[in-house]
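What follows is a single structure, and I will ask about it in a moment.
Chain nomenclature is as follows: A, B and C, assigned in order of appearance, with residue numbering initiated at 1 for each chain independently.
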């Protein structure tokens, strides 16, 4: 037993097997196959490794965004002067990654619960009380019908008076929003690599931020953006989008090669409308919000239909770093492709070249079924069977 | 030197090496090995390429969601009629991807800061002033204890009167929310492929949206959903979930094969409760919100404990498209697996078949250590050593 | 034709080709090559399979988060006692994944629209009316200049009186927030594997939640966190961060091996400051919010500059499960690497070992260009050309 193990061990460790090959000196086949093999090598090295960075492992970012709007707008309606500041025109207040900047609005002050006529917008018309079924709602109605028809429209239980939103103010009331500024602070981390980064990179100092304004060519790293610039860089015209509102995405893209210095890991800002060209189906951006209060012991509310710019900061981060596994996987697969090239060359050699029969002879040693196993053959250390004659 | 380089170049480009092989005519081994090789080929083509689409590269979506609720509810409490509209029952107002639709509530109007007795809910009881330590808080308390015991409960500094939430209204006050409708607009983009898409696909026109209502079988692409349908498709009963609230996820799934026409890239809507069956630990969904105002120069607030449906739109998008690298990687690895099949067949041939010793002889040319290197042997262009005799 | 197909079929299925090899008994080369081959095998099995779990396919989680703050704070300002509860200090109210807990504030009650002097903070100074251009705005101004200079600062149209935020209260007014508690409910699902999980795992029962408090060592699965603990575990000091505010990320990490029991799929909670050390550029966290009301028929608002802890719950989930494709891909690439090892050994054998010429002779059968193809050679079943003599 010990001898058997010892012999098996010696056989395993002290021997080495290598495939036998035929070396064909045929220039046409030689050149064709070398070109094929060099092509595969060029693909592996050039495309997989260099262009697609196949030797690197990839990780997606975890991100957090903080925003702060700044700016003031002034309106004069019916002799009433009014200044609008951040607490008035940003929804919500907290500085999150998606928010609305109000650019236009319809305000109905001091609504109270009660009964009043519906809006005469063409869908609530009636001629007699029978047209207004008590307790029911019209599809685009503003309240619960009471059963009465008053002056051509149904009477409803609702917050009264009903808001008249048939005409949206033009020009937009807060057109001055074009000059508002947005400050974005974005922190990303790549957990696989233990890297944490912020868009306030090395070159963005407090003094720089006091005066800078984002410009895609001259100041691409400034985290302060003029709202009008954001709109125009998205391909919209501010005066047009401000009346009925719109949705804009601010994309912060991080493409970091962590094999380089960390200072080269910089954000790129892009701006695009969020609902593309398919705007026929759904135009603008608006929502209704109300401020509730009590006056003379009656609960009241001021209803605002807010039109504005819905801004969403979307962070998309990918980092790459050298790792042994994708490298060896790429090499391993490359060797496999090399094998395919070899098969193609073999086909060339054995089927398309004039001397193919000769080459086949040399490549293959054919063993017919019926040939007897010569008794003189032993397992190992045998010389070439040429001794048989 | 020049000759050396010229010769090496000729050797490299004009030669071609191909492995020498033994061609064994043994039906049993032949069939077994062909079946194994065909099996590997079937796996590579059938599973990796066709089923798992291994020739395609994958990308995850970046997405943005806009929502709009629509609907009216009517309540009559203590003779007081009230109509509830969107500005009243949706939190927050802005139409974001996650929001609450109020279905039930407990309202305490006109709270003011002051001292009043705690809620007699069993955890705030006392018999003497000593049970109520001034300046401290009970774990489930509503205020800061003043040190007095009044009528069996501790007196607290708090917004008074304390909200009595021991009984939740049943049936839910805004049970009419079942008929509210939700409009979802979802824009996704696949940055790797430069594709932008919206759930308002080609078949969803403005006129279609005026009348459609989502149905998983008949109208699977309508972006307008009835709240009651969303609840029932999640597996809940509206009347039950509306009383204490609940959380529902609306999943929009995009699985797009970008090798096909873009019109085939369509969203699928799924609905599921967000906290599964593990509801024993934490039932329902509620939060407290207050509307602040000043009346008679005193700051007051109306506190509402809101029970409702927390709805979260979760978008999950994946697109696939043909790419040369995963294709060649799959082929390369497949060739490697083919190599494993070859090794298995060799084992079969060399160890399990009766003529194995004979085959070993033909496959291996064994070189013993002690054999001298014949002087007449040269490096290249040598004919078969049969000349030695 | 039929015979041809039958013969081709027999040739394909009843034959088997195996490469011919030279078996070299050279201990040095043998050991070197075996060590290299064993090294590759160890890499494939040890690193790719066991360490990096290359036999498993990976999926990223879809997640939903619900939060609820609890706690009370008491302030006494100018003899005015006030209790702050959840509806007062959390923004927004709904219990979403990112929110602000107010720890400090500057409150200006009852602002009205009108004209008043700017804040004397050094950037709004003037000596004559000419310094204040009517209709313009100063960069850090609070309103629209009217053109008058009053008592050294420009007069502005604004919400009056202007909020004086030159001094932030110290100690923070709601320092008691340190004892507030946060309850987090997190539901994740791995769509690829059809697995749904919640952070209220099997060991987290309703009775456990009544008394537990998160501790990284003793109670790592308790979903109730003390705000002071969250701050200190992030590396901050509560008293310092509470004055000007800060941003903290609560990371919930799921790393699940789905080949094991589902009970082993547990969340890990980590806490870190969101904007790292780069705080020189942007300190603290604050925003402005206002509560609007009408008093004596005049619209008023109470403006609050809120300083607080911005808390963001970030969920990062990855699940892994055995899958046949990554397993076979890893095997296939590994075989490719094995091929590279073979090439390296061949180089060793043919170029670095003393007997290299001898080995080359045995390995390669060289075919010169000019050799004629013997007429007696046939395509198949040919014996060794030794017959030629």
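To be clear about the criterion, a contact is a pair of C-beta atoms (placed from the backbone, for glycine too) under 8 Å apart; a residue touches a chain by one contact, two chains touch by 3 or more.
Please read these numbers as outputs of a predicted model, since none were measured by experiment.
At the interface between chain A and chain B, under half of the residue numbers appear on both sides, which makes the contact a different-residue one.
Here the C-alpha atoms of chain A line up with those of chain C after a rotation of 120°, rounded in steps of 5. Computed centre separation for the pair chain A/chain B is 15 angstrom, with centres defined by C-alpha atoms. Touching two or more other chains at once are residues 17, 19-27, 92, 293, 295, 329, 332-336, 339, 359, 362, 364-366, 368, 380-381, 385-386 of chain B.
Within the complex, the chain A residues that touch chain B are 17, 19-27, 29-31, 33-34, 43, 47-48, 52, 54, 91-92, 98-100, 113, 135, 137, 141-144, 156-159, 247, 249, 251, 253, 274-276, 278, 280-282, 285, 287-290, 292-295, 297, 299, 301, 303, 310, 312, 314, 316, 329-330, 332-337, 339-340, 342, 345-346, 349, 359, 362-369, 373-374, 377-382, 384-386.
Residues 12-27, 62, 64, 66, 68, 72, 74, 80-83, 85-88, 92-96, 109-110, 185, 187, 191, 196, 198, 200, 204-206, 209, 291, 293, 295, 300, 302, 324-325, 328-329, 331-336, 339, 355, 357-362, 364-366, 368, 380, 385-386, 389 of chain A are the ones touching chain C in the complex.
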